[in-house]
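Shown next, in structure tokens, is the structure this report addresses.
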Amino acid sequence: MNGMRIATLTSGGDCPGLNAVIRGIVRTASSDYGSTVVGYQDGWVGLMEDRRVQLYDDESIDRILLRGGTILGTGRLHPDRFKNGLETIKANLADAGVDALIPIGGEGTLKGAKWLSDNGIPVVGVPKTIDNDVNGTDYTFGFDTAVSVATDAIDRLHTTAESHNRVMIVEVMGRHVGWIALHAGMAGGAHYIVIPEQPFDIAEICKAMERRFQMGEKYGIIVVAEGAMPKEGTMELKSGGVDQFGHEIFTGIGQQIGDEIKARLGHDVRTTTLGHIQRGGTPTAYDRVLATRYGVHAARACHEGQFGTTVALRGEHIVQIPLADAVGTLKCVPEGRYKTARALFG
Amino acid sequence: MNGMRIATLTSGGDCPGLNAVIRGIVRTASSDYGSTVVGYQDGWVGLMEDRRVQLYDDESIDRILLRGGTILGTGRLHPDRFKNGLETIKANLADAGVDALIPIGGEGTLKGAKWLSDNGIPVVGVPKTIDNDVNGTDYTFGFDTAVSVATDAIDRLHTTAESHNRVMIVEVMGRHVGWIALHAGMAGGAHYIVIPEQPFDIAEICKAMERRFQMGEKYGIIVVAEGAMPKEGTMELKSGGVDQFGHEIFTGIGQQIGDEIKARLGHDVRTTTLGHIQRGGTPTAYDRVLATRYGVHAARACHEGQFGTTVALRGEHIVQIPLADAVGTLKCVPEGRYKTARALFG
Amino acid sequence: MNGMRIATLTSGGDCPGLNAVIRGIVRTASSDYGSTVVGYQDGWVGLMEDRRVQLYDDESIDRILLRGGTILGTGRLHPDRFKNGLETIKANLADAGVDALIPIGGEGTLKGAKWLSDNGIPVVGVPKTIDNDVNGTDYTFGFDTAVSVATDAIDRLHTTAESHNRVMIVEVMGRHVGWIALHAGMAGGAHYIVIPEQPFDIAEICKAMERRFQMGEKYGIIVVAEGAMPKEGTMELKSGGVDQFGHEIFTGIGQQIGDEIKARLGHDVRTTTLGHIQRGGTPTAYDRVLATRYGVHAARACHEGQFGTTVALRGEHIVQIPLADAVGTLKCVPEGRYKTARALFG
Amino acid sequence: MNGMRIATLTSGGDCPGLNAVIRGIVRTASSDYGSTVVGYQDGWVGLMEDRRVQLYDDESIDRILLRGGTILGTGRLHPDRFKNGLETIKANLADAGVDALIPIGGEGTLKGAKWLSDNGIPVVGVPKTIDNDVNGTDYTFGFDTAVSVATDAIDRLHTTAESHNRVMIVEVMGRHVGWIALHAGMAGGAHYIVIPEQPFDIAEICKAMERRFQMGEKYGIIVVAEGAMPKEGTMELKSGGVDQFGHEIFTGIGQQIGDEIKARLGHDVRTTTLGHIQRGGTPTAYDRVLATRYGVHAARACHEGQFGTTVALRGEHIVQIPLADAVGTLKCVPEGRYKTARALFG
């Protein structure tokens, strides 16, 4: 079907590549199908409040390819408010003459997309997560950029750690999964990597550092995912309260691990928490290509009526998979991958 | 089998990530299997001349992770000399007590590896090509770095092209396949991409640039793979002679296309040939992870006796495939991928 | 004087930091003096053809800080046409109610600015040159970015040169002066640097490379400024014609030096010509700060009536110097600086 | 005097460029004067404990040009222990046959150098500080790298702040002076910059952010030096204890300012503390050139007998100034420079 009216929105945390997806949708819709695209601002909130902007296929849409963040803004909406808003959403989409909706977001957003789809709205999803934790797709855009930023930081920390004979802890993003820690740690030549999927034993980490010093090495780099958890009974963590969904947060897990190593080994230990720089800025070439392809394929899927699906990367190919396959569980680091990383510790 | 003696070598053009593979092999062999690793210098030449160095699992092997090129040196050996050297190779490997050989190289190297394997030498290959043209694997290390360097360059050329109202041609690597041009062109927001797999029509390129100017745009960026070829009868190219294997080379295809556009449109056109910077320097985080995994898995395959195979990336997994599946034909850009890129031209 | 109407334009080759200057002018004029700023397009041409745009002190002016090139466009105007255009220029400025003009450009542009000033137009200049060849100022913006891009490239070439046992020639910008070659060569650890100020002896360069090989080194990096010239009688160069001002050009001096070294030493030699990537893209932090300060001070100078001057960097300070001090001769690399660089060759 | 025996050491916090200085000293001493160089490990401590390594003018010294940190290691020595060690130092230098000592370090190290010089030891200093706070020199190496890293981070934070309508605080290094905050803030287009030299008024910062929101802007970036101090009576800070010299430290000043803005404006505010990544890693081209020149000139000064001096950058030139001129007070950001930065806030 040509000459459609497509709507898109970006929801959840921002992520390098969101604008490349938007550009891919607008370009494909316009040049290949003669369709038009409208964007809702600030995620689901903008859809519910009917705040929309027309997106034109002109030079300005080209410029956003390199730009981090999202020109549409993003936001989080409490699931309850979302679920009570079905009639409003339907009315707003009808009012705007929207034939298909492309929500771009993480597992929570895709869950919402599935629910809308189940309720009769023609939806094609685009998975977005710097954490790489969405099921059903090999990789998501934003992840490569986050890993690159973290790796650059680790590269820099090697020399300062070595010059001062220090153990250096780097806390990276990853509340539920350890993909960023795993990849940045491997790319950065870390001497230990701590991820949520593999509860850590502080004694084992200390032993690994000690072994280094005994072998004459002068420093150590430890990469810690923010969602790292100790093996039960091995280390007490100070709680940082609970998040909006009731899960306990351990603020500054990197700092806490660092303090403990310092206490146990009596060695100079410093912690760096990379924070928001991992999710901002110009996407890497890899993420620009992946995000652009997602956008092109999502637009195509709308015109081919493949609703209730999401784009996904499988090997070299972009495919459409049922939204149901992308939600429900998070994609965790498998034990084999962690074992490969461990082979390089030391 | 533990306690093996493994040999490795790097052959063909250098490629960011070679050292990460070597490190992965040495670390895994040493820490997981108690094996030792020896490296032959300058590719097959070093193997035939028995020039080898012991590679130790110490801090120095860690440092090479970030370093471009190859600490073993590389080289090219004429296939005839190679084929006549079987007895020498066997004698040298026996003399050094080598139980398994891991050659790291492109399609030609893997062909050699297969031939050695067919002749009874226990071989596990590692594919290497910045061009991404080896069959049977989704991606090869070095490619992401090359694309990143080319994309950085294209990013820079946008603003200078725009300030001067110019058409800017960027010639990138890719003698036989257009992967680097395709990805860097997509990532860099190029307005036209020319690849060997899709013979170009200079009139069509000129028309695309003219359309831009008519729409009020002030400049254009065209990415050209060095192996680009015109549709028969559409443009005559000055030949640059023949390469060592007898294939005609068109030196400076980018410049020739630029000259032709200038002649036809009367517009200011400039050409930049990126050259060797695409293959040197620190690998990207993506390439370091991929190369490290290749090294780890190649070492494991040796210890598990999976000879006659090469490591390969399939989706998220590293698998062993028969060497025969990786040689014979080059992996070209499929038409669908070029069509996706075309949707973004203009 | 407050509430002025200031005009600006960018002339000559584009240069990273031009937009930062424009932003600095607009911001300062608006917030500190309640003045407005208008921009002429495409350099002197736009001034003569009265093509102007209003520049507003809003968010859009902030965004240009990071952007290479110039939002005003740039161009070159033949001096004769410029000199015959005085009355047109005066009429256009009067028509637009312009109280002061800030031309941003290189030595040629500042010469034009001086001539306008001598003819009664209130002018404050801003020196611009990636070549760093404007007299009277320690450094100019754009130079640091060009050096950084060239240094990144040289860093990458080291590993590929080493892996292949090659001599690698890198031709960088600098038609009349060797500043970029000098700094990038020093920063990149080049083994020889050739600049226009010091005519080269090809035999000496070959000897330096030979000495490296004799000492067991495997490769060499030579940085060549595009305006490099041989000592009389030591090497014949193929001419590339004459430029618009009648000066002979030797196209591809890097390639020619490379060919000669290859012929004399019989060694594998490769040449990379960096070209336009040196002048495009996001400016370095250094250039953004310098360009911003230039813009702020130029705006101030207009409001303080310091006409007939140009901003200049002296140590840590931005000062106003007579336009006459910035034109007439180019700032060359002094012998002492080249001698310091030579101490690191080898 | 030729054929000297020179000693060098690096003291205080590590800094990108230290290795480039060492390389400059070794190369110049060796090739221009036939002298040899020895390095003491871990700063003054290594000198007192007579831990030294010979530094050879070979390929390995070339490789360190790009490497952050210091191959000699660094450390801090309590002034008392240092002052009591004069005889030990003299004995160790005599024992090693050292003719001249080149300590590379910050204000404290240069103070020590001056004291040694006053006590008859032939000393030439090299100023080192990423903070740019050493008197008598325009800039010091390491500063440009720190500013570049911080600017990259700020660039990334813009898009994430904008996508989420946030105020983003970036805490950068600078315990006593605000140079890094000033330059990175200007280069990164920050909307407010807080430096130690200009005590801040939290109400004024809040007002500046509010004005942005009233004008329709969606976010704000505030750069805070770690040594920022409130105007007396305007905001209470939680103390982080005292440092080794008895000065009070306010740990997490960025976080504290962020919390206060959040409390006052009710706006989403996030804080990123860049930490150690500012001082590690490959130096920028600017820093490599400056550090190399420092090394070359320090070696020359030794051979010319200019003891009791330190190298310093004045405009384009490296000069020798009395050690006394470099110590005693720190180089602060002058009010004029802060005023220029303020012109760009908003």
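Order of writing sets the chain letters: A, B, C and D. Residues in each chain are counted from 1.
Quick note on the criterion: a contact is a pair of C-beta atoms (placed from the backbone, for glycine too) under 8 Å apart; a residue touches a chain by one contact, two chains touch by 3 or more.
Source: prediction; values computed, not measured.
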item: Chain whose Cα centroid lies at the greatest distance from that of chain D; value: B
item: Mean-CA-position distance for chain D and chain C (Å); value: 29
item: Geometric centre distance via CA averages, chain C-chain B, whole Å; value: 35
item: Chain centre separation (chain B, chain D; CA means) in Å; value: 41
item: Per-residue overlap in chain D, given as positions that touch at least 2 other chains; value: 155
item: Contact graph of the chains (line, ring, star, complete, other); value: ring
item: Chain A residues touching chain D - in the complex, by the definition given at the top; value: 10, 13-14, 16, 18, 42, 67-70, 73-75, 149, 152-153, 155-165, 168, 218, 270-277, 279-282
item: Touching residues on chain C, where the partner in the complex is chain D; value: 23-24, 27-28, 31-32, 59, 62, 65-66, 138-139, 144, 147-148, 150-151, 155, 183-184, 186-189, 217, 284-286, 288-289, 292-293, 296-297, 314-316, 340, 343-344, 346
